[in-house]
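The following blocks contain the structures, represented as structure tokens.
Two complexes, one shared chain (chain A), two partners (chain B, chain C).
And then the complex of A and B:
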């Protein structure tokens, strides 16, 4: 376990250096949050009772902005770059499990920029009265589910990276996975607002674990006692994806040709 | 070879080079299309849940969505040279363009064609077509003309923003992320009627960046509506898209000013 933690923390400290990018991101997310807030508020003037009340929808919008980088999955092409430069040779020689090594890096890659962005955004939203303190139990449950979301999104990202071994179709696949994830994790519209008939399917799919479920725990809309079910759902999907990744890696690494020297 | 001929030569080269990676281009186009289709599905979901938006129906909002999406896609597809201009300045490649006795703006514009942006245009056109038929707007040439004018105005406005973004590079060397907030943020904003936004926000997108003039105001006469807050006369919507064209011309003027202040970074 120790080498993986070391890799994770080294990458994490490296990424914390990108503070000016985080500041620019803060302004961007603030702008998007404001647009979305005004749109949703105009919709909520209709006197029907949606499954989320107006305070919860407001909080949901700002949590989406705060944790955007966590749930916005994308392949970063790092593995391709290693193949191109020949550095993958070093990776294959390291006396650690390759999948765990890459996963540790991915976790840090998800975690550090998210932390840099979510703290000021949550602070600002709370200050403006757009986000309520949910109580200690809900906050802890939410953080636990966010940790699960980091793991799950790292697995999805890794799958996307691996899929880029098949270069041409991989890039298109990545866009596709990204688009589907954004929608079905609730980043465009809170999942409970989608038609009631869809809710069972949405609950089974892995995507809600990336954003919707942690957010609703943080808002207190899902009671804190349900956290076990949420995290179990995330872990099951993370496990299934990991098995898939292991299979794909075993197949693709066999035919890797190391270039450069 | 004259300037316009040169531009189309550039476009042809870019088209053929991207067609070398045919599958990659097709899949990227498909990816953009599906991303936007899901974005529209979210809007549909909101209408499905809430019914209307301050008296606007889904079809009416879809008309706004279609105008801004098609207009933005047109600008985005041909403005990549300006969008990527920061790299060109940083690498010193701009100096080469300066040596050629042809209009600079056309040379930059022709640098690269954003082929997969076609996904955005196709999706926007489909939403527009659906909105047009479900609103029973028919085939009156005046209405179609106004629609065309609105799309043209939108494209010009976004193109103007890209040119301003590139002009900024003369001083900063790098592109500013805030410009992508303006372009993508504006395209998101214009998908909904301006009347739902707060006054300060509406003022920004009316007077600073005249987005409302190219999407919202021309859509009002198309829908037989009037604006409740600003009380603009109906005829305003018929001419306001021209403000987008004026914005593009003004941007080109700023660009020319920027070129005169260019100092090479190249080595």
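And then the complex of A and C:
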């Protein structure tokens, strides 16, 4: 475990240094949050018996803003560059499992910027009265599901990175998976607002574990007792994706060519 | 037990070919032609613990490919390799634990971190006990003179400083074999000598097995007891520098500084290879004409200010080997 924890903490410490990026992120997310608030207000005033009331949606919007970087999957530029330039050679020279090494890195990459941004945003939203304290049980359940979301989003991101073994640029894969994830995780629109016919599919797909499920647990819209099911759903998907990644990596590393002297 | 055994190693690469131009690019969408490039064509050699080997060959000869296979990051087509008794690509993690590798053109340090933090991270990645780490770090810092820039982020280091740090980083876990891929490339004279001294010391005192690939023949001359020359995937020659000289360049040079500007030196058993002002360079074969006899003849026939005999530069010998192979 020691090598993996060392990578995780080194990366975490490094990312915590980016304070001005966090400040800029705070302002941007605040701005978008306000816009989304207005859009949803307009919708709610014109709809008949929506599945969520406007107070619930308000809280949901601010949580998506606060945890934007957690749920927004992105390829890791550094890993993609490593694969492109051949520096992956050095990664393979370490006496560690490459997948676990990269997973530790990912977890830190998801965790550090999220922590820097979510604290001020949640504080601000609570201060303005847009977020209510959900009670201890729901808060704990929400945090557990957020931890699961970190793991799950790390796995999705890694899948994006290793697509680099087959293509030269990661940009296409980043866009494609990014767009799918934003929509199906409920970051644009809370999933209960989507058509009823979709709900079963949405519940099975991995994406709701990234945003919708942890947020609604935190808001108390999903009872705290459902946390076991939510986390199990996240873990099963994280496990399946990890197996897929492992298989793909084993295959590609067998034929990978480390170019350059 | 031998440190490294390589038997009949073969590695080919498939390279996609494309016809030039727009039409060619378009055709490539539907049908791609591949050609196979043979990087290693049945290479065999054995290296004993404590040897310092120069592994040389022209660009594209297969040097880096060999190093990558030996470190388990590339899978060969066929052949056997044992590094300290392990097959690297089947047992990557246990093999690389024993290896230190420096690719001169890349760095293994974390670009944004101060050097010392990269070192600390490597300590954890290789699971080095704190006591051993302290001791090795102190030693490396003294020997390579790293003290002044341990706290500087890697991106701010000069090339020479970075290279010394990279070499230290490759040794923190106490490897038994060290691969150095062009460790002196682009270094200034002072750094180059420092790096060479250090490598020599490691090998002589610590009995570390070292494989050095380089294009710098001075590196080879200064360091290597044994030189392995490869070309187009084959081993061309394997032996000491003296053997290499004996086989491929028996000739010697007699350099004469004449008294007068336009003196002409002629001798039936030597050829003039160069003439610069008063200086004339003669090439001769010591097996045919004893150097002393030639010197006597030349000094008898001409007014000579100074003269000396030397071996042809190793670069020329190597170039001759490469040419003779093609």
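One rule holds for everything that comes next: the second predicted complex is superposed on the first by the 246 of 261 C-alpha atoms of A that agree within 3 Å, B and C clash if a C-alpha of one lies under 4 Å from a C-alpha of the other, contacts with A are read in each partner's own complex, and residues count from 1 in each chain.
FYI, contacts are C-beta pairs under 8 Å (C-beta built on N, C-alpha and C of every residue); 3 or more make two chains touch, one makes a residue touch a chain.
On a predicted model such as this, the values are computed, not experimentally measured, just so you know.
Engineer: With the two complexes superposed on chain A, say which partner A:90 touches: chain B (first), chain C (second), both, or neither.
Structural biologist: So A:90 only meets chain C here.
Engineer: Go through the superposed model and pick first if A:228 touches only chain B, second if only chain C, both, or neither.
Structural biologist: neither
Engineer: In the superposed arrangement, does A:128 touch chain B (first), chain C (second), both or neither?
Structural biologist: neither
Engineer: Does chain C touch more residues of chain A than chain B does, or is it the other way round?
Structural biologist: After superposing on chain A, more of chain A is contacted by B.
Engineer: Mind working out whether A:14 is in touch with chain B, chain C, both or neither, as first, second, both or neither?
Structural biologist: second
Engineer: Output check: A:45 vs chain B and chain C. Expected answer is one of first, second, both, neither. What do you get?
Structural biologist: Only chain B; A:45 stays clear of chain C.
Engineer: With the two complexes superposed on chain A, say which partner A:2 touches: chain B (first), chain C (second), both, or neither.
Structural biologist: In the superposition, A:2 contacts chain C only.
Engineer: With both complexes overlaid on chain A, does A:204 touch chain B (first), chain C (second), both or neither?
Structural biologist: A:204 sits against neither chain B nor chain C.
Engineer: On chain A, which stretch or stretches are contacted by chain B in one complex as well as by chain C in the other?
Structural biologist: none
Engineer: In the complex formed with chain B, which residues of chain A make contact?
Structural biologist: 24-25, 27-28, 31-32, 34-35, 38-40, 42-46, 48, 50, 168-169, 171-176, 178-180, 182-183, 188-189, 193-195
Engineer: Where on chain C is chain A touching in the complex?
Structural biologist: Residue positions touching the partner: 13, 63-64, 68, 71-75, 92-94, 96-97, 99, 101, 103, 105-106, 108, 110, 112-113, 117, 121, 124-127, 181-182.
Engineer: Would you mind writing out the residues of chain A in touch with chain C in their complex?
Structural biologist: Chain A residues touching chain C: 2-3, 5-7, 10, 14, 86-87, 89-90, 92-97, 254-255, 257-258, 260-261.
Engineer: Which positions of chain B touch chain A when the two form their complex?
Structural biologist: 21, 23-24, 26-28, 30-32, 34-35, 38-39, 41-42, 45-46, 48-54, 177-178, 180-181, 185, 188-189, 192, 196-198, 201
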